[in-house]
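Both complexes below contain chain A, partnered by chain B and then by chain C.
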Partner chain A sequence: MPAPPPLINSSESTGRMKIVTRDYLFARGWKSAAPILLLLPGFGLYLLIAVGPSLATAVYSFTDATGIRGIAINWLGFENYDEFLFRGAASRDNIAALRRTLIFCFFVTTIQFCLGLLLAVLLNTRLRGRTIFRTIFFMPVILGVAIQGLIWKLFLLPGGGPVAEMFSWIGWSSEFLGGQPRQAFAWVIVVQIWANVGITMVIFLAGMQTIPESLYEAARIDGASGWQLFRNVTWPLLTPAVNTNFLLNIVGSLQAWQLFLVLIGYRPGTQVLGYLVFAEGFGQTSGSVSSAFRQGYAAAASIALFMLVLIIALAANAFVSRREKKYLS
Partner chain B sequence: MKKTTIWRLCAVLLAFGLLGAACGSDDGDSSATTAAPAPAATEAPADPEPEPEEEMAEDVTLRVLVHQNPPMVEFMEAFNESFEASHPHITIDLSVVEAGDLSIATQTRLSAGDIDVVGIFGFSNAAQAYMSGAVPPNWQTLIEAGLLMDITGQPFVDNYDEATIADAGSFNGKVYSINLGRVSYSGMFVNKDLLAANGLDVPTTWGELVTACEVVKAAGNECMTVGGADGWPVFVGAYGLLGAMYPDQEALVEGLWTGDITWDNDQSVEMFRRMQIYTSDMLEEGVTGLSHDAGPPRYAAGDVAFMPTGVWQAPALESAEPDFDWTYVPFPGSDNAEDNQYLFGKYDQGWAIAADTPHPEAALAYLEAFSAPDNYQAFANAVGFIPTQPTAVLDTHLGREVAPFLANYRVGFEQYWVAPAGAGQWANGSQAAAWFSPFNEWTDHVALASQAQADLQAGLDAN
Partner chain C sequence: MTVVSQTSPSVGAGGTEPGEGPQVDRSGRTAARRRKIFSYAILLAFTALYVGPMLMLVLTSFKTLPEFFKNPTGLPESFGFDNFVEAWEQANIARYLVNSVFYTAVATAICVFTSVLVAFPIARGYFKGAKYVLLLYLVALFLPPALIPQFQLILNLGLFNTRTGFILLFLVNPIGLIILVNYIKSIPRELDESAAVDGCGYYRFIFKIVMPLIRPAIATVTVLHAIGIWNELVLPTIYLTSEDLYPVTRGLIVFEGLYGSNWPALAAAVLILMTPMLVLFLFLQRYIISGLTAGAVKG
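Entry: the complex of A and B
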């Protein structure tokens, strides 16, 4: 039996190949700065585009910034937070938006996760035309939110739209997006799932294709049924994809708001926190005329949203880390 | 690591640096470097006459922003072509955004110095002395930030009537915008053929309206339609009802702020009751999916008696069915016909110039050309606005229909209302029509009136 090939940091060589030594990439002295120098542009861009605006938002949340050049910005301390959480009936509406955001997150994450997994399992079999089905299910992901919204506005026309027509076959009727807030909200959940289930499916598919076929063959020889194959082979080895999808679905749904803008607009009883941030920051809260741009207040709302995402994401991350240890360590 | 690798690394970093520098050095139109210096913020050019050779002879691209309104955009495209023909060195770059996005586009493009001439709605919703803690409206903030040019004294300003300039384009004694027209949003289109076929006259009281609806519906037709999918057309359609119950809308706003008027007093509760009837009984089924733009073609089909909406829908209605016989009357929201003679509305589209435009001469020339009486008359005819130039007339079907009511034109509640900070989402009771089923969850007008007052009071108490 031949000896295993040497590690990349070995300075020895075999008769079969020349080994690339460590000091080519990570030399001693000033040359060792190469990796850092290579990372610098990307890190600089990250600071500029991601960290900078985030810190600026945190600072703005303590001011009365309007976002209009030339207007003095005054320091308000915690006044925006006080107004957002405790002042008048508006705070009640803000808390309701927060609650709605959590409800949206729960349904989108749960359904999108399960549906994505189901589609991936189906499309990972030797199904005829599976490439076409994969394309069809993934296609909504590449459409912009405005296009997604317009498509569903047409689907959901109450008078004679395709969905209304199908409902009429079984004696149902609905006002869809223009009707009761709960109905409209439910339809946004449907569209959000339709728009993003493709990416969930693709991540699961990628995970499934890394599972060695030999494990399935061994399990089949042992007499495992289809469900047992999934339960004892696919599911544990899919852990990285499961965890990725779980976190992506949670964070994505907590931050979602564009579909609310396109499908419903600013309507009492339907806003989620992300939409509230946009509406307050860009004067869209009156329903008709433009209201004042309250970007300091909107920044406070977005920090509240950030805290919500952070807490839930940390808890979810702790959960998936434990799960990863359980299955993969 | 070899020396060549180090050099390659340095070359890559240098390339990044150059890329960053190139991205950061864009200061707009190259002509800006040769244009005359921009006037100081909020000031007009000291003298619009001088330096015609340098400034006016340069090729200039004038960036103009308007909101989507099909007849207006169509007119603007034709006007721009004609303007470019008479000013060969000026090219117009017209941007069109949805009406709801206009304030965002205006603010961002003004702040970025990326626009020369902006379409701006008539100045409204100013914070009054009795509005404790109210946030100033956006147009006021733009002026205070020095982003709009002071056009006081420009010759074309005199083409507009003084009241318009004072009410819709001035702040602290200076003129910042010329407003191009008033619109009424409190009336309704009436299908004359359908009423005649059912032996009905144009209703002048609430009772007559209810009866007319019952008759046309009994005959298999529909009472009212409106672009309900966009939300706002539903409550705008009921602004006439609000106006009929509270004809002095400025006083209504003040009364709500001071507590002299409440959303749950007897008069308001009756208004909420009628709004519920309008929403739940008068509007045809399926309007929750009908967009604002789809309203006129639907109405022009001929089987709907009324369409409560703004006069700006008239050109689209004529375009949808030229032979359709209609009139436009105030919404008869009161049982007393005397109260139903007012048309409420707002100052619509206007023009303002960015204070730091690199092309002030071209921008002023653009407004001057637009304000020439012939051009303005053509604009008024195209869009159906009630003219703000005294020499212009609304020589259209709409103009003839609304002429009897123009003496009773008033600025509406929407233009005076400012919500107190901390008020709840139901505090603006003028929008209550859009909160009843099928558009929202409310089915009890008394409960909604009470909730509206509670949400308003919470805001008043919080300041």
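Entry: the complex of A and C
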């Protein structure tokens, strides 16, 4: 029975110990090739369908690739970018879409963040039925965009639908998703928040459960009121969850566009950048190889969106880590 | 000392504010009750926003078409299942369900299995450069979207509009891999050593020892990955053109396009297709919420 002396004796440096362990294992027990051979399928697939294509997006953005197999692809240099940002009416639409993406992100992030926090605060008490409430608010998350969208299309039925009825009681009327672009856009924001506030809430709740009850008791003994408890105990100690939700909401809403597809389709005056990429690359509603979609141009658009997400995420991250330093040190 | 003994009962009685004397204590209790009523009012208002659309869906699915046009919001006159039968027959629901189950099961099984085989040697550092491979999975979350080159790849492999090509798109999950790596790190290394010494092969070790030990992480990743595939709408829209291959999400949108304003039938189809997910959710809620939020947090 070979004892493992090299393992125990080599305590001079951890780096050395690792090497010894590996030699020991593979010399006496396992063939050294086995772990690598068995890793290859998974890792190869990862390179093939995720990393490779992801990096290739930048390459494609300099070409005139189409959606048809076998057509020669030509190098265009920066032409796609030039066209996307600076040329003609289309570029003005693109800039408008970019602005709309930012507006969408702003409203979704702030409202979803605040509502998620509110719901979490309310559900983090000994309230009866709080698991039922949690289940209800989380439910849309598991249904997916197709079902979320269809449910709301029906709920927002103009002329006699439930929301239309309620609006008519107070003398309002609305065309909802079929109305003015601005109006339809606002309703997509509503549905987006409705669908995703559950995740924000659950992350906040998980964060709140890590705050020890004794801190609240101590603060109460010092005479802190409900608001003071929240301001001075919950909020600072919730920092990790706050940061997570803040970043997730920003990045998620900048890239979200699928509810637009289900709820209103590709309508002028409502598109966001994500939808633009899809429409340019694959057609406005569905993919088919028969028409010549401009995939090179779409790749340029998707790089533009990626840059936007990257810049905003980095800025948000800098903001968040400053905040973390302030509260957690 | 007296302060503590006076406040502790009020803390015990539902977390109210502390009082300095009996009369303040009573007012604290009414304040707590008021706050409770206020909480319920807000929560119930939100609940209406969630239950309302569902209720509308259910009510609509029981109406006849003329009845729906006359009165979209009210109660149906009778509760028959005609719309469900119609939706089942017209919308190819059985086929979409079979397709979705097939794609989800096959892709998730392959993804989780190959991921464990990647995650284990990375977590252990059993090959040179394991750290860099892990880094490659971490940065994937910050790389540009792969949509267009992926399409070119599938197209040039001749896998456009095939089951194989579609499944291929769902075989990797970097977040899932990171979850697995972190979990495997919590399993003591000595286990590997004694297994190797006792002559247990690598493959058998992964199968018989590692897999059962990391079951919670496997469950999380499975849930995360499977729900992602089941709910995916964009990729089937891009990659599948024959209706025979559609999963439920794409099928629903097509059915909506064809049946446009026949909301009763459409509502019935939506209900049929969302029920399996809802039932699963109610039973596996804990796993599903932790799976999806683990994905969200790591992403």
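Criterion: the second predicted complex is superposed on the first by the 270 of 329 C-alpha atoms of A that agree within 3 Å, B and C clash if a C-alpha of one lies under 4 Å from a C-alpha of the other, contacts with A are read in each partner's own complex, and residues count from 1 in each chain.
We take it that a contact is a pair of C-beta atoms (placed from the backbone, for glycine too) under 8 Å apart; a residue touches a chain by one contact, two chains touch by 3 or more.
From a predicted model like this one, the values you see are computed outputs, not experimental measurements.
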item: Chain B versus chain C as contact partner of A:Phe133, first or second or both or neither; value: second
item: Larger contact residue set on chain A - chain B or chain C; value: C
item: Which superposed partner A:Pro212 touches (first chain B, second chain C, both, neither); value: neither
item: Which of chain B and chain C A:Gly67 touches, first, second, both or neither; value: both
item: Which of chain B and chain C A:Ala298 touches, first, second, both or neither; value: second
item: Which superposed partner A:Ile36 touches (first chain B, second chain C, both, neither); value: second
item: Interface residues of chain A shared between complexes with chain B and chain C; value: 24-25, 31, 34, 38, 41, 67, 69, 157, 159-161, 282, 286-289
item: Of all residues in chain A, those that touch chain C in their complex; value: 1-2, 4, 7, 18, 21-22, 24-25, 28-31, 34-36, 38-39, 41-43, 45-46, 48-60, 65, 67, 69, 118-119, 122-123, 125-127, 133, 135-147, 150-152, 154-155, 157, 159-162, 165, 194, 199, 202-203, 206, 216-217, 220-221, 223, 225-226, 244, 248, 258, 261-262, 277-278, 281-282, 285-289, 295, 298-299, 302-303, 305-306, 310
item: Residue ranges of chain A in contact with chain B within the complex; value: 24-25, 27, 31, 34, 37-38, 40-41, 66-71, 83, 87-93, 153, 156-161, 175-182, 265-269, 282-284, 286-294
item: Of all residues in chain C, those that touch chain A in their complex; value: 3-4, 7, 11, 14-15, 17-18, 35-36, 39-40, 42-43, 46-47, 49-54, 56-57, 60, 71-73, 114-115, 117-118, 120-122, 125-127, 133, 136-137, 140, 142-153, 155-156, 160, 168-169, 171-172, 174, 189, 192-193, 195-197, 199-203, 205-206, 227, 230-234, 237-239, 241, 248-250, 252-253, 256, 263, 266-267, 270, 273-274, 277-278, 281-282, 285, 288-289, 292-293, 296-297, 299
item: Residue ranges of chain B touching chain A (in the complex, touch as defined); value: 1, 5-6, 9, 12-13, 16, 41, 100, 102-104, 107-108, 110-111, 121, 124-125, 135-138, 141-142, 144-147, 228-232, 235-236, 285-290, 414-415, 419-428, 431, 434-435, 437-441, 454-455, 458-459, 461-462
